[in-house]
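What follows is a set of structures to go through.
Two complexes, one shared chain (chain A), two partners (chain B, chain C).
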Partner chain A sequence: MVSKKESDQKVIKKIESLAKDVINEINKEQNPEVKFPLRGLANVHFDEKEQVIKMGNKTQSRVFFNVGQAKKFMQTFLVAKVLKDLIKQGITTPIRSIYYNSKHVIADTKEETWTDQSESDPIIEDLEVTLNALREELHIRAGAKGAMVGNLTIIDAGDRIDLRKMGSGGWSVPSIVENEIIQFDKCDAEYILFIEKDTIWSRFNEDKFWKKNKCIILHGGGQPPRGVRRLLRRMHEELKLQVYVLVDSDVYGAYIYSVVKQGSINLAFESLRMAVPKARFLGLSAFDFERYNLPKSVVLKLKDVDIKRIKEVMNYPWFQKKEWQKELKYMLKTGVKLELEALSSKNFKFITEEYVPQKIRNKEWLD
Partner chain B sequence: MVSKKESDQKVIKKIESLAKDVINEINKEQNPEVKFPLRGLANVHFDEKEQVIKMGNKTQSRVFFNVGQAKKFMQTFLVAKVLKDLIKQGITTPIRSIYYNSKHVIADTKEETWTDQSESDPIIEDLEVTLNALREELHIRAGAKGAMVGNLTIIDAGDRIDLRKMGSGGWSVPSIVENEIIQFDKCDAEYILFIEKDTIWSRFNEDKFWKKNKCIILHGGGQPPRGVRRLLRRMHEELKLQVYVLVDSDVYGAYIYSVVKQGSINLAFESLRMAVPKARFLGLSAFDFERYNLPKSVVLKLKDVDIKRIKEVMNYPWFQKKEWQKELKYMLKTGVKLELEALSSKNFKFITEEYVPQKIRNKEWLD
Partner chain C sequence: MSKTYAEIAAGKQREISVSEFFTKNRHLLGFDNPRRALLTTVKEAVDNSLDACEEARILPELWIEIKEVKENRYKVLVKDNGPGIVKIQIPKIFGKLLYGSKFHKLSATRGQQGIGISAAVMYSQLTTGKSVHITSKISKGKPAHYYELHFNSKANEPEIVKESEVEFDIDHGTMIELEIEAVFQKGKRSVDEYLEQTSIANPHATIHYANPLNEKMNYLAAVNKLPVEPKEIKPHPHGIELGMLISMLKETAMSSVTSFLQKEFSRVSSQVANKICEEAKISPKSRPSRIARQEAENLYNSIQKVKIMAPPTNCLSPIGEEALLKSLKRGVTAEFYATVTRNPSVYRGNPFLVEAGIAYGGSLEAEGILQIIRFANKVPLQYQQGACAIQKAVAETAWKNYGIQQSKGSLPRGPLMIVLHFCSVWVPFTSESKEAIASYDEIVKEMKLAIQECGRKLATFVRKRNRDKLSAKKKDMFKNYSLELASSLSEITGTNEKKIYAELITIAEKMFETGALEEKNGE
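Up next, the complex of A and B:
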């Protein structure tokens, strides 16, 4: 286990070396320059071998003596200084507070350091990539959503928490789940079930699904936040647990699955630490409507925006597998989508007692 | 403590008596009728004495032999039957699942029981009012957001959970927190701090604010869901704890405060079981900008929609106190709003170590 101090010291050293390079350049009377890996679609590709979205080798550079770049250059070091302070103080803070903390009028001018947060967030992402440190390692907190229970004991900030005894509410998944804060203890789970919606997760928890099926259940309150994704990855890797994904049968469900599995375009530089390439899609499948003989009245018609998005997603390299093309084409053909709640047209326990156990037993998942 | 069974039996009896009345009317060859308290603004008033938003005495009636009402009459009993089944099975379900479960084509017609969920939700609310039972007592689950830690031990679905040992994540507040599921055990907290945002809550938890200040800290992920409001009310009432509210200085923050304190117009029939009339508004106040000498760069300009909403809220009877009128007028005068994160312009611990403790010590709150 990397101690909190050790990881912190590493990041501080990297920040200081970034600054020292600039000072050296100044001493040599050169134009100070910082190089960043280029972010965004232009520098992103799907790595077929590792099955994740990855960042390429293109870089961009930011120099001090350049009218268009001087402000961003200054902003980069302004944020780097705040991050170093946070680490030294041993505290974490929301990304929005970093913006406020470093916002001020530059001395002897009327110019502010930031106009709004849309300026400071990309600078923070630049630093993440350059320092090769997750946002969490920079002591920056994102929003927290999601809860977890199951056959696992964890240590969270020094407290031992038995996730088998977390009642109806569960343990609230924090934003920062790095090894320095969260460690895994006794585990007798055989897999992880990741559920899109909190209300459905509660149904599973109420039935003690995790106890009967020896597993861990986790939701991310819709599109899962960073903490939930990172935790899934860590449990998959360190506890060697398979991840099954349960989402609505619509393009947003498919996209949530793909973000868990391959990572996202915006955060491609983090895929290797956030994605779970072996995650399996359990459902709902577009074919479940017929497979389970559901009543016609539970389907929802696709809207134009759904159709447009399905066509987009069909073109992503990581959706090229035959089964996924079949799935998405069938959505377009039938013109409908299906929510997890629709399974309650059978009965309220159908999803916990039949649908999920059967799918896992019969290996009816998509890769 | 009312046992789960006892509360359930009460509700089942009420549902059955609703049905029996109708059968009696049919036997007497009368037009079957159900009476509901009228919901909405027309039947809502602010009770000055109890300081909550309350429902009035107006009722509406729904009869079977009426082209405009027959369908709703049928829908009412359709839902009542599902609720009775849920209670008998001892399970809870999301409101959306009730819609799906009871959606079908009516025999020998092409008519569906529901077109969409906007039809079934009001019927459920009608039943809540008529049966005088909280949605939670009808075994219906809403979305869950929010987390809690502090000097309190609870029992959740039979599991004893020490909220002093919940690490960085905390206990995730479920949707249903009635006495049958959540009970309070050892409490050595002196008050409850309710915080609007999860990221700010995490800052308080990281500093172990609740330990130093002998309290409980709770967030609701923005506008707090039913579970969080009901829990605040129960802790206030049963543990005799004062509730302090910490929100942004904008009209949405003020509104969140008012919902916690007086209830909401839509759910006026639940105010007496959800609202905390003695809750105190700790901040941010519109006057904090000057009081704490914050830099000009951290304020946000009011948008037109903010100004419109402030003027609306100023007219609500529950915002008529002199101090609140002063607060809202000052927002309009300065034309700015202020977020909790803005306090980090002082330093990242200012909010936990100075702002909140000082405000409580110096009794600088609004009622």
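Up next, the complex of A and C:
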């Protein structure tokens, strides 16, 4: 394991050499250029063998003297400068602070360096892939989202934390969960239940589901942040725990499952560190409505955007498994979606006492 | 036995006097209200003066004065340096309706019916009872003749009140003074506007004008060359109507139909004449005066069927591309000007041509719809724009192609002025007041082509102007981003910030110069 200091020096060198290359080009009176690995659907492929989404070799070039790219080019080095400062000072900040730290009025104009954070976030991601550095190596973290409880004891920044004694709120999963911060201690869990939303997770925690079923329950507050995904991967790998995924029966739920399992398009370069290819999809399935005889009043009609997104997702190479095509087609056919909460039409404890235990017991999952 | 209706009616039937006709039809002649009457009076006098000068190949210089005598009563004076009028003709020209030299010929002159100036004289007399004063001199050595005339409206004859020889301060020319009931106003459709536009259509003319507010305007000639003299032409067979054909047949001195067709019309060869006769089943040798009505109709129909060469076009007198350009530059403060004179074309046997001019930017009103200035044979058309082929042509042009705002099917908006001149031996006005040109397809098409030609030149200018604006903006943008970039790069590497900035600016300048700056947006 590389020491913190060493990794810091390495990243600072990379930032400096990126800037020096540009200065050299300027010296030669060339149009300064930076090349980035292209992020997006066009530059990812599904690695069948490893069952994860991987980034391709395509790059995009960003030049300064181009009407459409000048500002982004300028912003790239604005962020690079802030990152170098952070590393030098040994401070880790949320991604939003970088936005605020570098936001100012440009020269004697009325224009600001950023209009909003949606501009600065992708630039940071650009630099991550260009510098080939992890977020934590760049001293930045995303907002913490997600909570965990269960039959596990961990050590978090030196503090021993028993996840069996976390009350109703649970332990908040930090953004950086690497070994130097989080270590695993005593574990008597048999599997991990990953739940899409905090509300349903609370229901499971209230019933002490993890105690009765000897497991860990974890939610990612919707689309799970990197910390949650990285932690899932580490627990799966290091503690040899199976991951079960419980999401809404809609295209967004399905996509969250795929991100957990195979990685995301945007962070394809991190798939190998984050994805859990063996994760199993427990529900809700589009067929659960009939299987569990749910009343008609609990379904929601698909909107146009839902239909469009289903058709898009159906074409992704990592959604080509027969069972998944069946799920998505059935959603289109019935024209409806189901939320996890719909199961409470049976009774409030149905999801914790019958649905999940039965599905696991009967091996009713999708792979 | 009582009288039959016809007999009773006969008692009432009498010749209608010209003055009665005038009073009943004054709206047709442009005297329907005191405001318009003033404009029409000036207009008729000025048109006559300009025509007279051009026919005599004299560069026109005109003096116009309008003075308020009392409320709603104005004295109008129009003087020109034209050829003058010989003594015995003076009373008739000003004091007899439908007396003139232009009615019987086909050429592109301003006035055409000889009704104009004498109508003004009649109006003057009807509203004020005053006589009209004419002074005219035909050359340096000859005396100037002065007349005070009354108009005998019953007989359609002039009455001489006074005549004498007088001093005149020019070598040759004519001056008319009349007093009329009128209202003077400035702005749209005013005499001021009329003279301003007249100066645009007549860059060779010098016009001095003093309005009732004693504001003096001097429009000096922008060119010192007279426009091409319009040649008089015979009518083209395709432009004639049946009634006209019948009366021409009666009046001709020719002894056979074929020679009649060849001599009285343009573009009729003996071959064509024979073909027309053959088609009409009339013997080529028949006497024109013996052609019966039915035969005349056959003749008329066969004329339409036979292919005849387009009429000659030397009867047209355009302003000229260059003269119009100079004229626009003299009259309008703009940033861009373009003019075009189209080649002559034909509608219903009548040759015509269209000229267009565009002025853009500068002092022209930036908001609101464009300004259209219409001319027919160099005479400004100030009324009924909405009914005119010119407005139709302007609205039907796709202005967005030229970088000008326009909602679909309506007039474009922006700092734009369009001048359109329709020149023809026979202007197809929509009504007798001669204010709007009828929208014949051939005419609208030519007008659109002329506008488009100017429009394309305008587009180049507008695009360049927008580009210049944009590139100034871009330069600033790169300068500001360079400051930021230099600062970041300097902080990361420790390199001198000012040096990086200076080098960036060098690259930027070079790129702007060579146009190497990449225009494409996005990555």
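Here, the second predicted complex is superposed on the first by the 264 of 367 C-alpha atoms of A that agree within 3 Å, B and C clash if a C-alpha of one lies under 4 Å from a C-alpha of the other, contacts with A are read in each partner's own complex, and residues count from 1 in each chain.
Simple rule for what comes next: a contact is a pair of C-beta atoms (placed from the backbone, for glycine too) under 8 Å apart; a residue touches a chain by one contact, two chains touch by 3 or more.
All figures in this text were calculated on a predicted structure; none of them were measured in a lab.
When the shared chain is aligned, no partner comes close enough to touch A:Met331: not chain B, not chain C.
Look at A:Arg141: by the touch rule set out above, it reaches chain B but stays clear of chain C. With both structures placed on the common chain, the touch criterion links A:Asn31 to chain C but leaves chain B unconnected. Legend: residue contacts after superposition of the two complexes on their common chain; A:Leu152 is shown touching neither chain B nor chain C. Between chain B and chain C, more residues of chain A are touched by B. In the superposed model, A:Pro94 lies in contact with chain B only, and not with chain C.
By the document's definition of touching, of the two partners only chain C reaches A:Glu111; chain B does not. Look at A:Arg160: by the touch rule set out above, it reaches chain B but stays clear of chain C. Within chain A, the residues touching chain B in one complex and chain C in the other are 113. Interface residues of chain A facing chain C in the complex, by the touch rule stated above, are 15-16, 19-20, 22-23, 26-27, 29-31, 60-74, 77-78, 80-81, 84, 106-109, 111, 113. Note for the complex: chain B touches chain A at residues 86, 89, 91-94, 96-101, 103-105, 112-113, 141-145, 147, 154-161, 165-176, 181-182, 197-200, 202-203, 206-207, 221, 295-298, 339, 341-345, 347-349.
Across the interface of their complex, chain A is touched by residues 474, 476-481, 483-485, 488-489, 491-493, 495, 500, 503-504, 506-508, 510-511, 517-523 of chain C.
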